[in-house]
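Shared between the two complexes below is chain A, which pairs with chain B and chain C, respectively.
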Partner chain A sequence: MVSREQRAGHLLVAPYYIFFALFVAYPLIFSFVLVFHRWSIVGPLEWVGLSNFIELGGDPLFWKSIGNTLIFLIIHVPLQVSFALVLAAILNSKIPAQGVFRAAFFLPVVVSGVAVTILWKQMFSTNLGILNQLLYEFGIDPVPWVTDPSWAMPSIAMMATWKNIGLYVVLFLAGLQGIPRHLYEAADIDGASTVQKFFHITIPAINPVFVVVLILSTLGGFSLFIEPYVITGGGPMNSTLSGVLYIYRQAFSFFRMGYAATIGFALAFIVMTVVIIQRRFVEREV
Partner chain B sequence: MKGKIKKLFLLSLLTVLALMFIYPFFWMIGGTLKPEIEVMNFSPFGSSWSLDSYRIMLGKIPLFRALFNSIIVSLISTVSVLVLSSMTGYALARLRFRGRSVIFNIILFTMVLPFQLTLIPLYVLMVKFGWVDTYAALIVPYTISAFAILLFRQFFMQVPHDLIDAARIDGLSELGILFRIFWPLSKPALITVGIIHYMGIWNEALWPMIVVRKLSMMTMPQMVALYAVGGQAESQVGTQLAAATLMSLPIIIIYLVLQRHFIASMASSGLKG
Partner chain C sequence: MELLKKLMQNNTVCFLSFTVIFLLSCGKVSDTDGIVRLTYWSSTNPYEIELAEELVSEWNSAHPDTQVILQPLPEGRSGEEVLIIAAAGGTAPDICSNVPPVIVPLLAKGHVLVPVDSFDDGRDYLAQRIPEDLLHTFVAADGKLYQIPWKGNPVMVQYNMGILKEVGYDHLPATWSEWAELAELVSGDTDGDGRDDRWMGDINIISEWRQRLFDFYPFFIAASGGQTILKNNCEINFDNQVTLDIFAFFARGFQEGWYANSTFIGDQFLRGHITAHITGPWNISHTERFKPAGFEYAFGPIPVPDDFKGDYYTFGDPKSIGIFSTAKHPEAAWNFVKFLISRQADLRLLEICAQLPLRKNLLPDSLYIPYFRENPMMGQFAELVPYTRGFDQNPALQEVFDAINEQFDAVCIQRRRDPQQGLSRAVKRSANVLKARGL
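Presenting the complex of A and B:
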């Protein structure tokens, strides 16, 4: 009986064994090989020692892409978290047609990033776009959304917030609905204000959701690719060059597989470090 | 009275916000039907309407071929993920075998592995297999998902053990137990994995852009992105919006029909954290 279960277990997991060996273990090991080589994908690998890492350390475009990602995160994450939380709180307050509003906020989440990006590229147009037409109605001068280096990344961060907020509203809403009602009733008896209740009951209770939202939107920032690719091609003046876009360029415009893998390696290291730090500081034991 | 005013205020605020999320899509669809010179007008309605943008765009790129590719790739990959991930999830949840906890931990580990690390080596593997410009490159690396395995495992652990015992006495194989007893009991898990995976593959742009060069092998996101970025659209905005609309409509329609399932699925996907 035990041996039957043993065999059945391994047989059922067998596809995963193959999958893991081919598409996880092999690429993982090979990435450690690639970072020490120069390789154009045709011809033999050429051992170059640590020179990929040395080049990376002094590569202004790599550091530019990291800086761009940080700009994106600094704008996107607080915007995402605060707006999603406020929207979820409003939706949670026994509003009629809650489902309709939730569905509306969620719509951009299901639509392909490519479609959303093409749409926003036109809305961002400095001379003709509907965003600047709207601002004009309020007497505001046109904003060079994606044509000015200091505006381009913040604009993309804004668009990404619009695209993803529905998901985070739903997550926060689920978190809020999970808070036991008696906590608020007890606070009412003690005479707590709305603000006090928010900071002492709501915020601690939704900490796990908060951590998820924080990490997911951070990972999103480090995965930016199609948005800058379609809207700006990484410009103007490399102000929207993202890490993944830079990997793509090194690999498929310059055919430098070793160096592209090294950027991926460094990026993965940074992502994991950032996420670990975030968890350390934000996660609370419940 | 005060409560009523507050509620009215919140409702109008929400309505304005909801419009901010829906209006751009109306504008996009309207823009595909307007004459080209009116595309950028704020109103989604033009002085006349025609399907010219669609005709011009479809004359330049084989978008229906891309639609076909997208359907093939998303369908095969999703079915495979449901079958293979549930097999692994079942074994991890209900069968005792050596190395089970090691495998479980490995799967957890792969969940936190940033994709940037393996992107280029995975592409190299596709080149070595000769899979560039084939369905295999688009499908095979997406035949099992760690997230799906963990979700199935979690779900299967709650099925009462008596059911398995009874099925074994009836002589059902483990695969028989999985597909005849567990699957019918696990519709919510199957729907969740199905929706999330299908949507992810349908909308995926980066991986196809890495492994596909041939126009005839492209899925919709890649073909549409290249059309908008490359010179082909000749800055005819209406045709770009038409391509974006045709790509979005299938998923928007499915979303409108299965809205509740979509939202519940995505919510559970985020919370497994």
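Presenting the complex of A and C:
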């Protein structure tokens, strides 16, 4: 017999369950069904068995997109984590106008991604962009920021780092401010240098935050989409075609929902593997 | 607890009421009062909304028993995406006048569109309106016509005549050699700072198949004398010397600095950085509105190879009208469509939207003569209407275009592959795509 109070409780949590069922469980299950089908949104599902997986295995563009995403991560994650940590350490010290700097670093995070990307697209313009104009003033030849296959992904990684770094600065700052002062005082008494204190107190103490930042940064990197979509369309020569952009292209340019779902599951599996490896190597008991 | 209970009861009632209203509002408009109601989506272009409002108002006044409810196409990344999702979700209108022909094969395959052939006078009506050759290009592989070809925007080359005068070039290029000759004259550094600041054309280097509709594709249609990239809607038709020559010609252009390997924001044509660009009649009003003082321009044909003989064809950038199979009153919808594409409505299409109806004898028709007399540049585009080509009727066409786009990028823009290698790769990928889709 369900009591009135229990019934009230069920009703109060029902919106969450409905939301979860409609927007998480149903799409997930439907996507899984799709990987065994061919479907163009209009028209019925056509059973194709494992052929989407077979196609995926031999699809050079899929592997290219995964390779591109990994290149992006290799540049973006260390750059983002290290710069965020350094900036957080600076902002944690006693500097003038601390609040202004904190807000300034966080500002790009809250500005629309598309707006920021359009701005950067203009800045990256090889012939009429402000970056090359600045280089010209110093007598440096124009850089093909997003028009040369070897430059395009590093340029996008640089831009994405600038856009997102504020979020990670805030996380590191929270971690730094949570380190008990007495640990530093004890180290001072023992005669530890600033560098020693940083590596033996600060770094171990913020390890949980470090793991969170690393994982969030990696997940963010795997979902790279807006920047290549707006700036390069995945080019030049597919050098900025990310996994998510490839899913989008298959789903909404070619209307191949089954194949797009298959890429989505493959990408999710790769993300999961990378994150597990990261946690194994980085996570430490504090 | 009592308070909570009351609150929940009230909220439950509110929630249920809201749900019922929401679900009702999502459904089709009821016609239980004997009046047939048709939902009609127009393009979101403000001029087309103005046209649609005028025509719908006129229709509704004259047909009290068949009322049309107008709504611009809902916002989305592209009309294609919106229509396909609406069709899948059962929320498609009865009629839409912004159906890109490139998605018609997909919609037809999903039985989402009513074929014109299902109306007694359907094909005959359109045969009287549209040049036969042109109408044939809209027919699906199964022989049916799932779209009502409505309007087109033939693309031509728009030139900054001030630049041509400056370099002493007194005519518009008609051949590739003439294009190259002009490009050599205009491209380069004009202010002496050692950096290029003016180019012949503005090839969009974004790697997206649609961009090739305004460089490779018009050149292909022109150089091949009106052919498209698939033959009989299913066989590869670009594995030939024409494609090789076009690849080589554009690669030369990027090599010699006629085109900038750069992204641009803003209208660099009006700013004088670009000498010529491929565009449609829609750009006349844009140019008139934003051109700087003293800016002179003219339109010329898409250049063809020097030894080309035959008629000048171009890409028509067509748009069609579709009647959706969810329409409860397809005959009424067809009658409204006939009104939308009537002679008089086509005049308003010209006057309000500056877009060209796909209609026979557009220029000699007495109804349109005054318009073309007042707008001679539109007359240039109108002459091309019978010589336009659109899209092959194949659901995998975007992927075939993407295969070409990928190689255009590698061969022409980046110049990392020779034309023959690029063509072989594009053909191989396209063949795989068509085979894998069973097409």
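Assorted remarks:
The definition used in the following text is that the second predicted complex is superposed on the first by the 284 of 286 C-alpha atoms of A that agree within 3 Å, B and C clash if a C-alpha of one lies under 4 Å from a C-alpha of the other, contacts with A are read in each partner's own complex, and residues count from 1 in each chain.
Just so it is clear, contacts are C-beta pairs under 8 Å (C-beta built on N, C-alpha and C of every residue); 3 or more make two chains touch, one makes a residue touch a chain.
What you see is a predicted model, and the numbers here were worked out from it, not measured in a lab.
For the composite obtained by overlaying on chain A, chain B and chain C cannot both be accommodated without a clash.
By the document's definition of touching, of the two partners only chain C reaches A:Pro149; chain B does not.
When the shared chain is aligned, no partner comes close enough to touch A:Ser193: not chain B, not chain C.
Once the two complexes are overlaid on the shared chain, A:Ala8 sits against chain B and chain C alike. Once chain A of one complex is fitted onto chain A of the other, the partner contacts of A:Ala174 are limited to chain B, with no touch recorded for chain C. Here chain B and chain C are compared by how many residues of chain A each touches, and B touches more. Look at A:Phe265: by the touch rule set out above, it reaches chain B but stays clear of chain C. Of the two partner chains, chain C is the only one touched by A:Thr126; chain B is not. Judged by the touch definition given at the top, the superposed model places A:Phe254 against chain C, while chain B stays out of reach.
Once the two complexes are overlaid on the shared chain, A:Leu134 sits against chain B while remaining clear of chain C. Once the complexes are superposed on chain A, the part of chain C occupying the same space as chain B corresponds, among 115-123, 259-267, 295-303 or 313-321, to 259-267. Shared contact residues of chain A with chain B and chain C: 5, 8, 11, 41, 118, 121-122, 125, 128-129, 233, 252.
Of all residues in chain B, those touching chain A in their complex are 7, 10-11, 13-14, 17-18, 20-22, 24-25, 27-28, 31, 39-40, 42, 84, 87-88, 90-92, 95-100, 103, 106-107, 110, 112-125, 127, 140-141, 143-144, 149, 173-175, 178, 199, 202-203, 205-206, 209-210, 220-221, 224-225, 228-229, 237, 240-241, 243-245, 247-248, 251-252, 255, 259, 262-263, 266-267, 270-271, 273. Chain C contributes residues 1, 4-5, 8, 12, 77, 81, 84-85, 87-88, 106-107, 109-112, 195-197, 205-209, 211, 260-265, 268, 273, 395-396, 398-399, 402, 406, 409-410, 413-414, 416, 436 to its touches with chain A in the complex. Of all residues in chain A, only 4-5, 8, 11, 40-43, 55, 118, 121-122, 124-129, 136, 142, 144, 146-149, 231-238, 249, 252-255 touch chain C in the complex they form. Put simply, chain A touches chain B in their complex at residues 2, 5-13, 15-16, 19-20, 22-24, 26-28, 30-31, 34, 41, 87, 90-91, 93, 95-96, 100-115, 117-123, 125, 128-130, 133-134, 162, 166-168, 170-171, 174, 208-209, 211-213, 215-216, 219, 222-223, 225-226, 229-230, 233, 243-244, 247-248, 251-252, 257, 260-261, 263-265, 267-268, 271-272, 275.
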